[in-house]
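After this come two complexes, each holding subunit A, first together with subunit B and then together with subunit C.
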Partner chain A sequence: MSKLTRQNYPYYLLLPGLLVFLCFFAYPSVSGFYYAFVNWDGLQIRGFTGWENFRNLIDRDDFGLVFYNTFLFTFVTTFCKIVLGLLLAVLANMTLKSARLLRSVLFMPVMLSYVAVGLVFSAIYDPDNGLLNQLLAWAGLGGWTQSWLTNEHLVMYSISAVEIWKTAGFCMMLFLAGLQTIPNEWYEAAKIDGAGAMGRFRYITLPALRPVLQINVILTLISGLKVFDLVYTMTGGGPAGASEIISTVIYDSFAKGYYGEGTAANLLLFVIILIVIALTHKLITKRGEGV
Partner chain B sequence: MRKMLKNNRLGWEILALAICLVVFLPTFMVIVNSFKDVAGAADMSISLPKAWNIVDNYKTVYREANIPRAYWNTSVVTVLSVIGVVLFCSTSAYVIQRRDDRFIRVLRYVLLAGMILPLTIIPTFILFHKVHLTGNYWGVILLYIASSYPFITYVYSGFFDGISKEIDEAAAMDGAKGAGLFLRVIFPLLMPINATAVIISFMSFWNDFGTAIYFLSSPKLQTLGLTIYFFFGVHSSDWNYVFADLVLISLPVILLYVLLQRYIVSGLTSGAVKS
Partner chain C sequence: MNRKLLKIVTFVTMICLILALAACGSNKGNNGGNAQPSNSSESAETPAPSASQEPMKLTIIGHGSNFTTGWEAVLADAKTKGFEIQVEKLPEGSQGDDIVKTRLATKELPDILLNYSGQANIMGNGNPDELYVDLSNQAWVQNLNLDTWGSSFAYQGKVVGAPFQGSQVMAMFYNKKVFESAGVNVPTTYEEFLATCDAIAKAGKTPVFLPGKDPWTLQFSTLFSTAQKDSTEIAGKLNQNQMKFAEYQDFKAGLDVLKEIVDKGYGSKDPFAHGYDDAEKALANGDAAMFMMGAWFMTDIVKKYPDKVNDIGAFAMPIPGGKTPTVAVSPSVALYAMKGTKNQTSAEKFIEYFESIDTQNIFFGAEGGIPEITGVSKLTLTPAEMEAKAIVDAGNGFVNYQGSGLNYAGGDFPSLSADIVGGKKTPQQVLEAMDKEFVKQAKIKNDPNFK
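Our next item is the complex of A and B:
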């Protein structure tokens, strides 16, 4: 058997891809973390500084806000994408004439580039002649018009809405794929036992979707914590730093030549993502045992 | 009343169509305004154009945004990277899913961490510069493959769960082994998950901005993602041109989606969802 294993699944099939990954992505990014602990201007290393880069980061006046914004964006988008994605998947899985159209229309924004989407929505959010305010005025809700991207209390929510518009379709597709693994007989058996639509959803659909839910939540959390292009193209962190997140801080530090600090922020982001993922994983698996 | 609503198929159809309309609205706005003249597009409304300016808009963008060169650069980089991803990730995932020794078990955790690891651009750039992989296509291609490797390999592994080992064993009896067995027997079974891998990686490479801006910044090598950004810098108030540019650069990904969309759900069902 083990000879067969060696013969059928030789390491030479594994190694090319693994080596490309290790040499060109893992090695530079991981070894780069060393620069978080030195004074480095990009050309030359001027001594080991321990935790100083991290201390400088924490001493920033806006450190709390940057953290708050990053998590606000992550949780708002994750919650909305999961709930909407699930409901849309149920709708798209019904035998409707418009189900195919629904899938196509919802998945299309997933294919578009963040830069393009960011530009388009900065036009839509324009306070004077943006489409959103035009539509609100047209619907008789003129009082609701806002300066969506220049109001410091609104800006993170405005950007979150764009992320939800762009990627809810991907969550939907994953849930849809999960829904299609549930055998129809289960629903029919439940119907015979007298379970209503809500009961079938609660006791068949949700438990069967738990693995998909898990991967979906983890993927949206990662993409939420890592978001950069969208915020950068829509506001660049403004107005006056009100939409600054960890990855725009990293970009700014690099742009200003504070390489050590930028790398420290990058390492911090990596650790935060690791912790969030580990906690989520634990939470979902634990909960799952009860069901 | 509730019962009526529940059985009302028409109600669900209308709801689905209404959702489509709302979600499609921004895209419609982009398309319709790319047909208007400067003054018309400045209003950014969703009304039909008063003055149609399609030919002039698209001609201008085609010339000024350097569309043919950007299309060529982006296609070369994207297509080669996608081929690399499919080859490297499918073969790796096959071994990772089928074998169960200590090395492989450690490797699974390494790949999980790799999905989370953010790209640290400066050390990466320095390394690539040292080995002469900056300022040409190859550096970006290798970086694209390397950075999407953990996730796509993970998606492939899920798919291999669903392919019985008996198939490998039967093929081995017939004398096939290693690469031959994989290429002739296993690879043809992978079409649904290949389609998923192609779509996911194609769109992320085609749309990339953050990596290309460091590695392909010379005008000769610029990809589409960069051309929109620079084009917008010059034409920030000519929304008709900006929108026409956005339509042109998005068309190929949309086409790819239309071609492959029927595989996406089946690929995801058997890939990402199972593992």
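Our next item is the complex of A and C:
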């Protein structure tokens, strides 16, 4: 084998994988940008429409509500998952006899299917026969019973609660992995210097977890902005559009045959995710530089 | 070098073998996925025709799900009448539809095509004058009310399709015991309807159950109000951009009824918390008095609440404006005799035989359903279905706007109906949304009427 062939051999081996990536990932993604600007019925392109697909999205009566719901869900679930995940990780990191069992139990909801969880919680939230209202009534808190999924002011928070329950365990696992990389000597040194539990948490744990925090925040923001299964299974975007989010709008557009418009909404979501992630990364990295 | 050449030859031979095997396998698979002729049992069992009568051979193709118990009963009788039928069962859904289109395009025509009815479907496969035999002069057409079913089975005044199964009738279903205890009768005018709702509400029951969790159930007041004799004509005007939904008075009337039911508190207390199953339960158990639905839901009532079946009746919902109350109907699939086939005469004779009262009695006696042909006596219908059928037989059943051949769906009508129930939109806003979506869908298809 010649020297040139030997040098280039690794690249030749990369070619099949690169071809698969280009054909099945890169090309469809990039071509999606194109279909957002044409009149496309899924089979043929009937003309270039420019920004019309995006204008049709903005012209929707519920355009503001769709974005509000999406961002509300994203930020509420991100905040709660990060806080809860961190607290659970600290708990699961303690030297308890049942630490392993605790970690397994806390992680179990992550493994469940979104559709199954959505259907089960739809039943739990039922205003007449649901477990939640029945428990509240039994506990003497009948005044707290609500139409959890049919009250337009409550529905997004009800769905957010399910998302937090389901995926806080995932955040916990990432934080737990980070916690276990922090040397014990740091804590011992801090104890010797007189730092209390809160002090050790604030000045040792949090700064050391910054990289994990960044990953966790970015992942939860992305999953929040892209959510679909849970909302669609629990409410379908109802009642009367009160829980419509960007993903359900995309789904409806494709279902109605507005493929160009659906692709435009998808592209819009992609750009929003990019901007949010870039800003988050910059914010967290900038704060980390001061440490 | 020889070793290298041997490796290359071996590799190329392997690739060729794999490709050859794959090609053979796909050919076998293609044949298995095509329409499956099921002629073996039918023609094998056909009794030998009498010496004086040649067997009447013909082929029928249609979606497999249509050939059920009623068909089997008729087939057994048809054989004794000298028909030798080869049935080709197509896959369900679009796969079967594509096979029909291909067969029509390549002129491989069956003698009878069992396919969807309605104007859009009659015209969708090509020029009906060239494809289908005109059946207007057959005797059974006298028993088909063309005011009700003309748009489903006729084209430009010529009957080209013969109904195959039972139709669907959409009406206001009510609990007779609740009406009795509230001291009200079936309303015949819109004012009586409101008074009935008021009396039932005062009696502590839900007058009209609105299962908003399943928004498709909220559109029935409009399906009733647009079930008029001129619905096909109006659909034509909408398709030609000669009329807007905002001018469609019958459509608006249905929306006004829904809004009034909600505004006056005659609907369910928390409509979006309850779905279709809750509605069946509420009506059967007498917690609700009325439910707007299609007669198909009585199949569930028979299964789930068999002791309540006789408590449920049906009437035509009155709407504002004083028009005669009507029910909405949806036709079954149809038999089309194809022009120019070798056995066209046998096909026409078979359709005449199938649509005769005697054969219809055999079919519906075995299968159930509400026949489009009047005069069929052997029926297995619940009291509610019989009452709905009586309204259709009296000439007060029509296809609504959705079945009238609209080229585009317009807005997402179930969601728009839910917006009325949720107080998010007025009827006028719903009409405007329907117009906006209709125009948008037409422009996407480059419809020349909507430039």
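Assume the second predicted complex is superposed on the first by the 273 of 291 C-alpha atoms of A that agree within 3 Å, B and C clash if a C-alpha of one lies under 4 Å from a C-alpha of the other, contacts with A are read in each partner's own complex, and residues count from 1 in each chain.
Throughout what follows, a residue touches a chain if its C-beta (ideal position, glycine included) is under 8 Å from a C-beta of that chain, and two chains touch if they have at least 3 such contacts.
Nothing here was measured: the structure is a model prediction, and the numbers come from that model.
**Q** Have a look at where A:252 lands relative to subunit B and subunit C in the superposition and call it first, second, both or neither.
**A** Only subunit C is touched by A:252; subunit B is not.
**Q** For A:31, select first, second, both or neither according to whether it touches subunit B, subunit C, the two together, or no partner.
**A** Only subunit B is touched by A:31; subunit C is not.
**Q** In the overlay, answer first, second, both or neither for which of subunit B and subunit C A:67 touches.
**A** neither
**Q** Touching A:126 in the superposition: subunit B (first), subunit C (second), both, neither?
**A** Both partners, subunit B and subunit C.
**Q** Touching A:187, do we find subunit B (first), subunit C (second), both, or neither?
**A** Neither partner.
**Q** Compare subunit B and subunit C by how many residues of subunit A each one touches, and report the one with more.
**A** Result: the larger residue contact count on subunit A belongs to B.
**Q** For A:201, using the defined touch cut-off, is the partner it touches subunit B, subunit C, both, or neither? Pick first, second, both or neither.
**A** neither
**Q** Can A:150 be said to touch subunit B (first), subunit C (second), both, or neither?
**A** Only subunit C is touched by A:150; subunit B is not.
**Q** Kindly list the residues of subunit A that each of subunit B and subunit C touches, one partner per complex.
**A** Shared contact residues on subunit A: 126.
**Q** For subunit A, which residues are in contact with subunit C within the complex?
**A** Subunit A reaches subunit C through residues 39, 41, 46-47, 56, 61, 126-128, 147, 149-150, 152, 238-242, 252, 256-258, 260.
**Q** Would you mind writing out the residues of subunit B in touch with subunit A in their complex?
**A** 6, 9, 12-13, 15-17, 19-20, 23-27, 29-30, 42-46, 84, 87-89, 91-92, 94-96, 98-99, 107, 110, 113-124, 126-128, 142-143, 145-147, 149-150, 153, 168-169, 172, 177-179, 181-182, 203, 206-210, 225, 228-229, 232, 239, 242-243, 246, 249-250, 253-254, 256-258, 261, 264-266, 268-269, 272-275
**Q** Applying the document's contact rule, which stretches of subunit A touch subunit B when the two form their complex?
**A** Counting only subunit A, the residues touching subunit B are 4-5, 7-14, 16-18, 20-21, 23-33, 35, 42, 88, 91-92, 94, 96-99, 101-116, 119-121, 123-124, 126, 129-131, 134, 165, 173-174, 176-178, 180-181, 197, 211-212, 215, 222, 226, 228-229, 247, 254, 259, 262-263, 266, 269-270, 273-274, 277.
**Q** If you look only at subunit C, which of its residues touch subunit A in the complex?
**A** Listed in rising order, the residues are 212-213, 215, 270, 272-273, 409, 412, 415, 418-419, 421-424, 433, 440-441, 444-446.
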